[in-house]
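Note that the chains take the letters A, B and C in the order they are written out, and that residue 1 is the start of every chain.
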Amino acid sequence: MTHSGGYVADPRFRAIEWLPWLLALLCFFVAPSYLPLGSYVLTMIIFALSLDLVVGYAGIITLGHSAYFGAGAYIAGIFAARVSTEPLTGLAISTVGAGLLGLLTGVVILRTRGLALLMLTLAITSLCLEFANKATGWTGGADGLGGFAIQPILGLFKFDLFGKTAYLYCLVFLFASWWLVRRMVYSPFGASLTGIRENDVRMNAVGAPVYMRLVVSYTISAALAGLAGALLTQTTQYVGLKVLGFELSGELLVMLILGGIGRIYGAFVGPLVYLLAQDYLAKQFPEYWYFGIGMILVLVVMFVRGGILGIVDAGIAKWRGASA
Amino acid sequence: MQDFLSSLVSVAFHGLAYGMILYVISVGLSVTMGLMGFANLAHGVFAMAGGYVMLTAINSQGAPFPLAVAGAFVAVALGSMVLERLLYARLYTAGELEQVLFTIGLIFMAVAVARLIYGALPQPVHLPEYMKGQLRFLGRDFPTYRVFLILFSIAIAALLWFGVERTRWGAMVRAAVDNRAMAQSVGVNTTRLFTLTFSLGSGLAALGGALGADIIAIQPTYPFEHLVYFLIVVAVGGLGTLRGPFVAALLIGVADTACKYWIPELGAFFIFAATIGILLWRPGGLYGRAAT
Amino acid sequence: MNIGKAAVLAAAIASLAIAVNASAQTIKVGVITTYSGPGAAQGDQLDKGFKLYLKLNADKLPAGVKVEPVFRDDTGANPDAARRLAQELIVRDKVQFLTGVVWTPNAAAIAPLTAEAKVPFVIANAAGVTIPLASPYVARVSFTLWQASYPLGQWAAKKFKRAYTVVSDFAPGHEAEEGFIKGFKEGGGQIIGSARVPMTATDFIPYMQRVKDAKPDVLFAFNPAGKQATAQMKAYADLGMQKTGIKYVGPGDITTDEELQNMGDAALGVLTVHHYSAAATRPANKAFVAAYKKEYGEKLNPGFMAVGAWDAMDLIFQLIRDQKGKIEPDKTMELVKKYKTANSPRGQIVIDPETRDVMQNEYLREVRKVGGALANVEIETVGTLIKDPWKVFNKKK
């Protein structure tokens, strides 16, 4: 493994860490016509953050994180379609539900490592997908679940066509998720996760409760993924089977690695760059944008391990070296 | 009772045909993952390439079927050798994550290229006359082509077994799987061994893709759509063995067919549940060495 | 890392800030179809139909008016992505029409949006029966599965007694199954079994073996046009089901013209009911097929989806002409309800003012060899300007 990120002893905020939030707010005013895409990017950043927690910090390689994203999305959808279209309750229930699923599956599968674990995550999300596909009474099956209109948030902010409310709604929850993840990875708990990633045998030897730590981080991560899924459902007011597909997990992993794993902000940069590139390429060459994305991936792996933030690090190091 | 027996025969036969195709495609992946520790998600690309080579040879060059199949094997084996030297070899020492990212990138590119050259429609498969129709034995009709598939795949499995268990190359492969450093230090040229094995595995995938084109349609999204099944065969069977993927592929082929036949409502549910069960019971797969 | 991130974000914002200003006389039409993923073949049909129409009919607009299509890829049956694309087309690209859409779930997700945004949405394919009910701004020029399957069931009941149905497991599949079964049972036939196959299935042998072992007289099948239809046809041939006297029937989706040649001789004798065949001899169709082959190659036949796209664009052009380039959503929808043409490649079509769904002729066709190639030969008209039967049976009381 060639991680560069991990536990940092100094948890104080650096000024630069406020920049993403400023930019996100700026986007809201400068590019109002891009807000639907913006909300989607924000949602995927939350999802990527949750993945970073397990892949980047705890070292659990998974191709099945969409199981929790999809669980959150479907719980939010079913809740809205059957119980109430109040958004915050739906969001809370989805987050808890996905977290529970994460706990249940995590307890079982986290005893394994390597290929077996990778395959188990893959099989779990495929199983969830089959379940959603077949439980048509609840999920609508391949036709998806829609036909509900989410109520205004707190009775005040209506989800509008231009996606302004949706954007700010996602931004608020992204901020909360970021705060949580940041607190976690800068805590002793985060330090022990990094330790497990680097050498779980040694962590066991020094008496750390490795398995418990993994289960806890997996559960929290699953809950965050569920939150992201629920946000997607509420902002698009529709759920389709793709939210459970392993392709989504793969794509997310690609975004995260593209940004740089195990460093929180990789989860910001990766989805942003990937989704903007997709938006642009898909428009220019709707038929062949896959080639561009594939090419970028191969080049990143061949020449710049550590993703985009890895390049930036290297660039800064070189520049400092030259000026020193 | 008679009906039940005859449906049992149906399921066993079709399950066997599907399982054997899965085996031929996946066995190469199992060996390369076991030997080089490389998580090659792009394995399906080689199977797809094999299918395209064969179908192009038949449809536009008018090549006879056996020649086209052989051509698919050779072309993809050689092509993958180049790819291995140029790209894969640089990543043997990289982390699993980089390998996953790289091979997903390859899949994306292959999908786009296939679409550019062949369009989105699945390629038509024109089998020679002697492969069409049904064979009749035991009072039942069996599609000729599937009978051929089963026999041919069993022959390949036997040949592979002989190659790995009885030849010098096989001994080197087994040694390198067990302990690469030790094999290297006793004079095995592992670089060359890797290249050869990789290209053989890819060639086999191409063979499986070409022969199975009639069952698993050749179209651009092939490498994505069937990846899960290839990976399941490898993981359930266990890495670096020949027997593992064989048993796993048969298991999956028959179970999948049985589900579709008797309880189509269940879909692929059973396969994934079984995969989870087996991996929890034996994380290293059925025939893999104990998980570490 | 921080400087780089700032640069990336700044670049992103810069690209976001470039707003698109449409001139008053350019009418943007948002086209959502499928370019990637398993459904790319179907999306390709729509794409070809739209582009052909736009190329050949650019001069049929009022002077100074131009139509600018904005193509988007929904990557397959992916409702949330489709909905987002539609939202972006409306908000960012300011399109005045939406059209395209291969997949029923996608159209179902987009429809409510058009009610809110007041953007007329002309469905060029997605056939899910209830979609036009979801918004007053939706019209459909394609078809519903009931339109073909119900008359087929009635017709089949006259010839066969025992039927088995095998359909794809999503809304259009269910609708085809229900339509056929209702027609077949009303005619006195008996359904001896039904199976629903996942949309991701590639190997149909196990399902078809089951059918063969049940020994029906007739097998009714539906797949979304494309490779699944070919795979099922192949299974029918491989198992020698024709020999055992099982007739293969279905809506025209199972023998689409673009895919038919790939199916091989197995398809010979298959009976379908549908609204369009590339082999039809109407002059409008001959001209259309000739233009299509000229543009895309002698070997390619247009399928019904290409025709759906062609007719969708024809409707939009008509609406633009009627309003001389100044599009008002509500007036547009009033005009939609008056649309009729006798010059569609499929013959006469009319938009039903009550449901905004298409009314068209349905033909019984048989797959035969014409000049060495397979073709859907129309042998009988089973219905003239049929309304969607489902909406007739389920009228709001």
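As a convention for this text, contacts are C-beta pairs under 8 Å (C-beta built on N, C-alpha and C of every residue); 3 or more make two chains touch, one makes a residue touch a chain.
Values in this document were obtained by computation on a predicted structure and should not be read as measured data.
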Any chain that touches chain C and chain B: A
Most widely separated chain from chain A, with each centre as the mean of CA atoms: C
Distance from the mean Cα position of chain C to that of chain A, given in whole angstrom: 35
Between chain B and chain A, distance of the C-alpha-averaged centres to the nearest whole Å: 32
Multi-chain contact sites of chain A, meaning residues that touch two or more partners: 133, 287, 289-290
Sequence positions of chain C contacting 2 or more other chains: 36, 198
Multi-chain contact residues (two or more partners), chain B: 111, 115, 265, 267-268
Chain C - residues contacting chain A, complex: 1-6, 8-10, 12-13, 15-17, 19, 35-36, 71-73, 76-81, 83-84, 87-88, 90-92, 104-105, 108-109, 112-113, 116-117, 128, 134, 169-171, 198-199
Chain A contact footprint on chain B (complex, rising order): 33, 39, 87, 90-91, 94-98, 100-102, 104-113, 115-116, 224, 228, 231-232, 234-236, 239, 265-269, 272-273, 275-276, 279-280, 283-285, 291-292
Residue numbers on chain A that touch chain C, as the complex places them: 14, 16, 19-20, 23, 26-27, 30-31, 33-37, 40, 133, 141-144, 146-147, 149, 161-163, 232-233, 236-243, 260, 263, 265, 268-269, 272-273, 276, 280, 282-283, 286-287, 289-290, 308-309, 311-313, 315-316
In the complex, chain C residues that touch chain B: 36-38, 40-41, 43-44, 195-198, 200-203, 205-207, 209-210, 213, 226-227, 230-231, 234, 238-240, 258-259, 261-262, 264
Partner chain C, residues of chain B touching it in the complex: 3, 6-7, 10-11, 14, 18, 111, 115, 119-124, 126, 133-134, 141, 143, 145-146, 214-217, 219-221, 225, 256-258, 260-261, 264-265, 267-268
